[in-house]
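What follows is a set of structures to go through.
Okay, so chain A shows up in both of these, paired with chain B first and chain C after.
Entry: the complex of A and B
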């Protein structure tokens, strides 16, 4: 038996001492694996995290500060009425399969996205396009049926990337784009490897390969970083472990703004939440700092409306309903609920939702709203809360950029119906002057804060943890996904 | 023997049919629309409907069941909703991790358990026995994911001997791949070894009271030799049963370990697929797992016959003995 044990121990040591294969190129960790790799099909953020600006490119590209930069369109002109855009395309651009990118591909990509049978998750963005006309192989005229102020921004989203007619349908599994990286290998359930596109039209990528490894478990994510298996996480899933990395000189920790407004969604169509006094009472009952400390380990930015604090048009509305349980109770009494009422709170799986759910429930209980928590999984959440509006309260982060327009939607799950807000959004669509748009955005933020449509909790932050030697990562996340052309590992 | 074999085959097929029915209807009645899941919070209703049509979700349930089973008989598991690749390929890819991992863990379990069982059985009631059996009690109680985390802390983040997880694939080399599976296999195998050792020890001690053991001792064999040569084989029936159950458990139940070590195994595939409402994948994987369990049980039955000649004789003869 002793011999047996020694043999086992010997084999173990032999394995342990066998040459560890050092990761060549950059290895990044990600919490979720994308279901596919076609950003024009499906809304999963993980798709853009990998392919946006790396494998696929659009006419425009969104920079780290949220501004619009040229990409496959090297320049453009806009007609005075804001309805006609002429895009001048980069020349000598080729898709990864060798076919040439030109005006035909622009027309194909835009028409495909707006077609009646399109499965683009953001088809609405393409709806104003009336016509796409080829002027010559390198210029295209896009005509809209009404001016759309953020058309150029929209063209920079992952949903609007340029694809080739011959390969478009296979992009889910074998993406063919024009970007600085092409897909080398997808080991499903484990990793995706991108390799530098040597025939790239612009400045070539610095790193030869980038490998994304999918690690769902937060503890495993920390271990993988510490063991040196991955060089960084752009979105680190374990805020509780951040102090470990902040103290360790091997790592850089950067906290940036994200587009994730986390709200306590309120079903405005249901009693008693149709009464604005009840909704305001809820707002007064919520102590945001306690939430951020308790649910996010202090890493979050309080918000008072549905808008990212990173944006220049942001107004801080956290002051209009400061934490005041006394006032909440008075408002509930005025609304006819001196003894409060019962409500359910349906929570999706992410830890920010589950953790803040417990705290919100406790805070609401203090003013007499007896909250029953129901934990449900994502598919169930989409079905019950989002599609069928069968809920009282819920907590979720809305991560789409600049999405305040959802409050104008008729059948949205908040059930908020305000003619004034709809009119405001209509105005915004038509406005193209940046200052005018900012003013309208500010007005919109005030309006939904005043109506206390939802409980506005906090902005999620983008927690980046990476190896000190890894250079060129983005701190902020103005949209889902970030270009990795400029990242490299310093020796 | 042949009649017995045919009867077992028939039972196997019936089990599979019942399982397919159960799996399909259980999964299809789950709330949650896969199309909605793929399109996200801002989805356009017309786009949603187009996708649902594409995915064949607009047909009736019995229609879809028939379509699924007929395709299965041709070896076609369908196309994954989320990955857009054949489910069969996904399962084969994942089995290339899960199957070796299960076998590796089982090997560790057996390699540890057999010597422990033989040793403790030979020293039954003595101090060494009590001590080691106390140790296996701890082994049984330790959750395997916790053991996994301890292993990662020690061998990956501190000593840097092993990766904290991941699986580079078999094409990266046999040694590299085995190395990647070593910590997970230990985490899975050690608690199983503790269980197996306890079962085997009990079974051995029972066998030791038999006449033939006394005869063997009378021949002049030492205690350990008696147990190795005569006891182990006779004590195998309950041990084999447990090994069979362990293999099934290791194949289907390693999901938590796969999460801790981010391994692309079957468990994680099915976990992800359930969360994303990739129903075709869930159905396919669960069916394969059922098949695996049924086959393992079948194989264990056959090994009973090989190990114990008494079972090979027809039942009637056994009774007249």
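Entry: the complex of A and C
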């Protein structure tokens, strides 16, 4: 008995001596857990948030300002007609499982992404690729069937990362990339831990481990930060709690631009929304500032079209239908609805959508559009609204970068069938001169604003809350995911 | 006498306070609970807004009053559903006995085995969220409660001599149930009704909190709490008032039920005297 007691006492002593938490390593909070970890397979933003530029790398990489930087391709040349790209690859690059990265892997990755049976979420990006040719082990020629202006940008997206033929099919659960971190552990429903890749070809990561902890509830996210359980949230979910962290010297709050255009999606294929006067009436009925104040506690940027205000080609279209309920009512009368009409507004779960929904409903009610709110889950939203177009109105943020092209898609849930816009997008794919492209982007923004395809509400901001000791985070989010190689905890 | 019935008085006072708030909201509220005024958002309690305003600038007092109406309607109708179906089932099972009784009670046990809220979530998940479906969900949960209570009490009454006399005089089981059994159960049912009423308020708040109850813009206490949870740090009134409303009304109806039991339940009375 006494002996047992001594053993227990000894164990307690041991416990008391060992440090409570391992000191090195960064812990980051995330709201959503990714369904898998293969960015060439799934569309979920959470995948890229973890693996992009950390576990997997592409030929190019998108920098914080949105520009294209070399990655696995250390340089490239483009033929004068814009159809041929020769990529020169980095030397001595190895995948996490030890196999060598070379031109074969580039050909495999690109062919896999563009194959007829490809499961890539952005397969369209690879459609222009006609041929991938190996010139020597470290150079590849990619031939396109037409010039694609932002081909190098596309090659820097998470969907275009380089994978190895031997491990490609297992990447969903056991990602094998070339990046500065490799997957150490995935505790489903709780956390994912990345460990520094000591054999990395480039500059090694500063932090030994990075652990992503999944905290869905905004209140719990605040609590975890305040308690020091996590060192930061790149996308903090509760704007109303930012002042708490802004006032607290232990934290830095970084507000940056994101790609999240939040829209009041309108089913253009359904009566009465097929009438542009009705859609314009909706635009006049919306008071953006009230939305930003009420739903985002002031943390949002008003938009008048489907384009990020952070982009150089952005035109401010917020002035074309300023808030004017009187005018909205006149337009509805002209369209044959002097007494308004009834419509349902289907809202997905994020708080920006649910909160904006209540405000939009009240604003539309004021001009006679009687809106019934229906809160639905993501699965229901994807099924009813996105896939089956069974909706009148919805609110959602489109977070894909430079995605104005979705308005040209025939099967897209807006059901905006405009020949003029399609022709414009066709022109854009052919243009490679940056100035010409910018001019076309501006024209596109004006066109969809004019047609009032959707209600354009606000641009979400990227709200980063960081432990003051944590250095090296990105403020802006030009694409989903950010490299964490340079992130570290200062002592 | 008064000291012994303190829970009756306190419960009665709280419950009637909640009821009168609900009735009051039908005719009058300081502001329209659905009216947004974003310029005046998140005001602390003051003379113009006694309970402050929320993130959309809505008056929290008006919303709490409207929430009382919502909660009480849901709880009341749910109790009525529970009684309306459960009591006849219990009477029938007690009158029939045998396999009918066993079958009904096993189905009852099955329903009973589900936690109330899970059952309600299941029902609203199938039929969609909304106040009506919340009422049905909570009402369905009330059925086995009343059925079981009624059956148990009815069985003991069936054993009495005056029931035997009624049977000998040729009355049918149905008529005996209606004329002799049910009146003897009334007190018990009122007591259970008020306890189930309190449960209904909690269940409604839980469903609304999960987004399965009354849909916006209709006010409900559960959703007010949900909206408030990230704002408690700087706008605690948003959580305090609906929270207190739930607490006090549930406490009120529970105490009322306890108090009524002391007064009405013949078995308890027997113990005292």
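Just so we're on the same page, the second predicted complex is superposed on the first by the 469 of 491 C-alpha atoms of A that agree within 3 Å, B and C clash if a C-alpha of one lies under 4 Å from a C-alpha of the other, contacts with A are read in each partner's own complex, and residues count from 1 in each chain.
Just so it is clear, contacts are C-beta pairs under 8 Å (C-beta built on N, C-alpha and C of every residue); 3 or more make two chains touch, one makes a residue touch a chain.
Everything numeric here is computed off the predicted structure, so don't read it as measured data.
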Query = Touch check for A:117: first (chain B), second (chain C), both, or neither?
reply = first
Query = If you stack the two complexes on chain A, which partner ends up touching A:384: first (chain B), second (chain C), both, or neither?
reply = first
Remark   = Winner on chain A touched-residue count between chain B and chain C: chain B
Ask   = Taking the superposition as given, does A:342 touch the first partner, chain B, the second, chain C, both, or neither?
value = neither
Query = First (chain B), second (chain C), both or neither: which does A:326 touch?
reply = neither
Inquiry  = Output check: A:419 vs chain B and chain C. Expected answer is one of first, second, both, neither. What do you get?
reply    = neither
Ask   = Can A:35 be said to touch chain B (first), chain C (second), both, or neither?
value = first
Ask   = Who does A:243 touch here: chain B (first), chain C (second), both, or neither?
value = second
Query = Of the two partner chains, chain B (first) and chain C (second), which one does A:218 touch, if any: first, second, both, or neither?
reply = second
Ask   = Can you list the residues of chain A that meet both chain B and chain C?
value = 219
Inquiry  = For a test of understanding, state which residues of chain A touch chain B in their complex under the given definition.
reply    = 1, 4-5, 8, 12, 15-18, 20-21, 33, 35-36, 42-44, 116-124, 172-173, 187-191, 213-217, 219-220, 223-224, 226-229, 349, 377-380, 382-384, 386-387, 398, 400, 403, 406
Task = Under the touch definition given earlier, write down the residues of chain B that touch chain A in their complex.
result = 30-34, 36-44, 46-47, 50-51, 54, 82-85, 90, 93-94, 111-112, 115-116, 118-119, 149, 152-153, 155-157, 159-169, 172, 175-176, 178-179, 182, 259-265, 268-269, 272, 275-278
Ask   = Which positions of chain A touch chain C when the two form their complex?
value = 218-219, 222, 238, 240-241, 243-244, 290, 293-294, 297, 351, 354-355, 357-359, 361-362, 372-375
Note = Interface with chain A, chain C side, in the complex: residues 34-36, 38-39, 41, 55-57, 129, 211, 215-217, 229-234
